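Working notes, structure below.
The letters A, B, C and D name the chains in turn, as written, and every chain counts its residues from 1.
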Amino acid sequence: MNKFRFLTAGESHGKCLTAIIEGVPAGFEIKEDFINSELKRRQGGYGRGGRMKIESDTVEITSGIRFGKTLGSPITLVIQNKDYENWQKIMSTDPKDFTEEKAFSKFRPGHADFAGSVKYNQIDLRNILERSSARKTAIEVAVGALAKQILEQFNIKCDSRIIQIGQGKTEEEFKKEIDKAKEAGDTLGGKFEIVYKNLPIGLGSFVHWDRMLDGKIAQAVMSIPAVKSVSIGNEFAYCMFGSEFHDQMYLENGKVTRKTNNAGGLEGGMTNGEPLVVTAVMKPIPTLRKPLNTVDKSIMQESKAHFERSDTCAVEACMVVAENRIACILADEFLMKFGGDSLTEIKNRV
Amino acid sequence: MNKFRFLTAGESHGKCLTAIIEGVPAGFEIKEDFINSELKRRQGGYGRGGRMKIESDTVEITSGIRFGKTLGSPITLVIQNKDYENWQKIMSTDPKDFTEEKAFSKFRPGHADFAGSVKYNQIDLRNILERSSARKTAIEVAVGALAKQILEQFNIKCDSRIIQIGQGKTEEEFKKEIDKAKEAGDTLGGKFEIVYKNLPIGLGSFVHWDRMLDGKIAQAVMSIPAVKSVSIGNEFAYCMFGSEFHDQMYLENGKVTRKTNNAGGLEGGMTNGEPLVVTAVMKPIPTLRKPLNTVDKSIMQESKAHFERSDTCAVEACMVVAENRIACILADEFLMKFGGDSLTEIKNRV
Amino acid sequence: MNKFRFLTAGESHGKCLTAIIEGVPAGFEIKEDFINSELKRRQGGYGRGGRMKIESDTVEITSGIRFGKTLGSPITLVIQNKDYENWQKIMSTDPKDFTEEKAFSKFRPGHADFAGSVKYNQIDLRNILERSSARKTAIEVAVGALAKQILEQFNIKCDSRIIQIGQGKTEEEFKKEIDKAKEAGDTLGGKFEIVYKNLPIGLGSFVHWDRMLDGKIAQAVMSIPAVKSVSIGNEFAYCMFGSEFHDQMYLENGKVTRKTNNAGGLEGGMTNGEPLVVTAVMKPIPTLRKPLNTVDKSIMQESKAHFERSDTCAVEACMVVAENRIACILADEFLMKFGGDSLTEIKNRV
Amino acid sequence: MNKFRFLTAGESHGKCLTAIIEGVPAGFEIKEDFINSELKRRQGGYGRGGRMKIESDTVEITSGIRFGKTLGSPITLVIQNKDYENWQKIMSTDPKDFTEEKAFSKFRPGHADFAGSVKYNQIDLRNILERSSARKTAIEVAVGALAKQILEQFNIKCDSRIIQIGQGKTEEEFKKEIDKAKEAGDTLGGKFEIVYKNLPIGLGSFVHWDRMLDGKIAQAVMSIPAVKSVSIGNEFAYCMFGSEFHDQMYLENGKVTRKTNNAGGLEGGMTNGEPLVVTAVMKPIPTLRKPLNTVDKSIMQESKAHFERSDTCAVEACMVVAENRIACILADEFLMKFGGDSLTEIKNRV
């Protein structure tokens, strides 16, 4: 990412989550309300546990925007952690506050605990959990919700839907599956689809592997905690003939059209004027009430995994995160293609 | 990619393909023979057409290596195009050689032709085809074959296998499917799996989205022309319970072990000591002998797509490319984790 | 910058300045007190105006550090703007608060006002001033003060001194020059020198232009507002013979030594074991009480430049900023050379 | 550098120098002749030694350009080393060719030899010399000569002149100084100035330190081997009053004008419409016929430095390199500001 670049920070129970976004041109209207509505969507969905109620995330903008419009300077977004007061000592930066309260040593399979404790040389696994937690996706959604508002200026829109949860394939079945899992102290993942419409032709490029838009989108989605698979277009490509799969072209009123979109809107790593279609698979949440077998690092004995308050299913949240991650990639590509330092200048070029 | 960074260049029928790799420490033994054997693997597989015989790619190293060892300076790899003499005029850099021979204007669905011609403002679609061609993956394999030799020094090894081609699920069936497609002037894609073993624990990181190793691998594989889906670990995650999916941990001789590897060797965006397992789906090749409906750009009329010499199935080639792309990512992560400017220095640290 | 990467944000009269630093390994002790002492140094020096007293910057760490040590996760630093309450409406993010209070339209020569208003399409020059102000160097100092603490762990230390202010070449003369300028409503720049000692041999590299350490340092220092010249080593190189300039080598107790350091500690873009010596020139502060001729953008007429509370001389502040900017570059190079994810791991390698 | 990115490779006596440039939009006319004329300028100047006659560099373009115009794909530039046949065995990539012919172990002060041999763990200092040699600037000039042709399309032009060599301040004196040094087996550096005209207002930015154009230029110039000092605008800023230094603004025919250009065309890290003026200092060449005291690494005894064929003075060459390095930075900024994938598209925006 070259123009729309950003860093995020923040621990799950730390004081706040923060993001700085650098490279947004001047003059874009940014609405906190929209960011907050995306944050709310991320917290929703059937199958969420207790924390979601505590949180009710809202964003504060502390730089880069004046009187509702971007200045061209870096934008800071902050989401306060609502229950920080209960964690203030436990998450303190001050060495004098050192405590082993809430420390734990029983690896949770499927989480960063094991590899993280080896990598960062940590005994207390909380030092891994705090940043590896999916909590950090809240601030990523905030960043993406800003990117979406950039895209919105050019009428680029996003839709999404859950395709499957467990064995369920309809909304009614989703709930049943989740109820079943919840009762069993178990968890579920699922599959979802995201569609972006009205993208200009020619975002991305085939000229170098790291400019292929499909690759960038795959990275953005696969790097969401718990995503294990990403597809662009028809994921059954592997068992179709070329003559079935490829989206033939026709002329309609002097414009190239297609009757299918198996390519999912990308050919040669570029948008081709058709809707961009991305599907992804989320694994079941790895923190289970019915705990998994594991090893206790402190005593090096077999044990049951640490349990931290958790959800049964978060596919909807994951889908919202993916939408917003993709928005960041698209905003970057868009800004690179059109250049320009202000909305006015860009609008003249589009 | 921070330490193992590279650029590649070259048109399909241009004089040569070139890569420059910057950031390899000094003292690594690099064997041209191994690079050539990977290039040969890329050219093989059942279902390849005529060009593969012409080519027989071999690499030449023109910088960065002396007496068989890396110097620490940028390494240049060159693959000459064997039939360049037949294309010398057509692909000339000289404006005086301008010709419309081999020019074409009928978009090939599934290729970069349409979006590319819009993006780069080209009338002759050869100006798009030449770089968007899968030919460029040859030099990417050469770069990856160098990365593999870096990994090999630390006993990191790669395996791979084709899982499915068309409807076929065994080698025998693969051939039948390909024969059937070939006869029909059609093409096929497929699905394959790549496994890397002996990776140290803790490559990648959860601390920031763009350091997650799963995301980087997804980008590297999805940016290969024709790849439409990438999965890490068990791709059926979406319909399993958490208690089934997550790889429980046990102690064996004082070491953490697992009985399953549904995570595919990555937890929290980091290698966890288990084999890294990546699967990917390749779409059917978009250049068909039995041509698809399309539009002729020059006359803006419906037409049949341009046909350029092509293969029926290139899943094996795609798999070789993916292996080598992943090697680049892993070499980069490895060199970042251990730092060091010479092999000796790194060996002392591993 | 590859490992120690960061973004900063914040307007001069906005709510706060923020930085996120990504890539610091786990286990480093970070002291807020040290960061605050560097912030204080930046606010000091003879010739500073009123604002410095208002500010008295202090840093708050809101992520990435627990019980005094880095976690390996991104670190957030925040400096509140002390007089924000007086600017809350003027710098509001809310469009309903729109006001022209404190707006201005008279370009200040030497500032970003003119080019910035063209680039970002702004009428109110406050929209340029707020980010182009040297105020933002406060948070850069905080980032650098963190980098210094990383270097400190390996006994790498920094010294600095002012060489010249106006015509003055001693501390006593500095004050006289400044008093003279102040009285005249004028401003002064100067020249300073920074020395880093105990750097390991071989930071940076000659193998590619963008890995040359001298280039990276030059960028870091030249990008400080008001710096117009950067030198490494003896800046009179241009009028010396090679036999005078180059630092000959001798053996002393089996170790290579030198009697001179005209190279300033860098040969071939790498540290060579001698102290790193950087000098830089700061131009006079461009906001003058005795205002310069300029143009009023709103009425397009000649005018006198806008005056915003300012200092007479800030060479000492600039020197502190430069020290800390260089620390960021050196920390990055150090972490790249040694790799590693925790202090323990790195200490084993150094 | 975001759009105009490149890697270079090649040893001083290797087969060839190579560069790959990625990110140039389609449709730019590129003339090999112009690149060759810049290569010739780099080889000229009073005080050059014998090698320059051997070389007579010419570029070959092997990708990215067809019929004289850029395709949008990566561009490969190659400069063959003319006397490679004499070095073929000595610089062979094949371990079977191993030889100690032309190996050396006596550090040359002022060169990369000492730090390089420590960093890359090399005994034969040729393994350092070959890449640290200024020979690599030939291919950098070729890259810059391509960048200059991009800028030329928008009427952006470059001038330069030598200011000082040794004590000499006029062309006549330059020659005398060089003759004197040559006779003494000594070497000389000097000072030069580069001016770019007709740059659009607003290249670069103040919003983040790494987007300041002055910083980027400083890096590009300071990373040229032998450059020790870089200034932008009037380098005597440190001893002037603000009222003297800053370039006051006036109105002339409704346009903002200035009578001075002490800022050197950059305010707030951005081009301000005035000519960009950069001065730099080159140190004396470190390879002397009258050799310096040093240490012999192989026997760890004091010795006289290795002598490799060399020049007396190469300030003119260095100036040509600097011009072309700066061109790369400016082309990148220009392409970022205007975006666009083809010359036609960009021309519509400028």
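Operating definition for what follows: a residue touches a chain if its C-beta (ideal position, glycine included) is under 8 Å from a C-beta of that chain, and two chains touch if they have at least 3 such contacts.
Values in this document were obtained by computation on a predicted structure and should not be read as measured data.
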Show me the overlap between the contact partners of subunit C and those of subunit D.
A, B
Counting only C-alpha atoms to place each centre, which chain is farthest from subunit B?
C
A-B or B-D - the one linked by more C-beta pairs in contact:
A-B
How many angstrom lie between the centres of subunit A and subunit D, each centre taken as the mean Cα position?
43
Centroid from C-alpha atoms only, then distance subunit B to subunit D, rounded to Å. What do you get?
35
Report the inter-centroid distance (CA atoms only) between subunit A and subunit B in whole Å.
26
Two or more other chains are touched by the subunit B residues 7-8, 22, 72-74, 119-120, 131, 202, 205, 207-208, 341
List of subunit A residues in touch with subunit B within their complex
7-8, 107, 109-116, 118-119, 128, 131-132, 140, 164-167, 181, 184, 186-191, 201-202, 205-210, 212, 214-225, 227-235, 237-243, 245-251, 254, 256, 258, 262-264, 267-273, 281-286, 288, 290, 292-295, 300-302, 325
Interfacial residue positions of subunit D with respect to subunit A in the complex:
2-3, 22, 72-74, 202, 205, 207-208, 335-341, 348-349
In their shared complex, at which residues does subunit D touch subunit B?
5-11, 14-20, 22, 25-27, 29, 32, 61-69, 71-76, 91-95, 97-98, 119-122, 127, 130-131, 341-342, 344-345
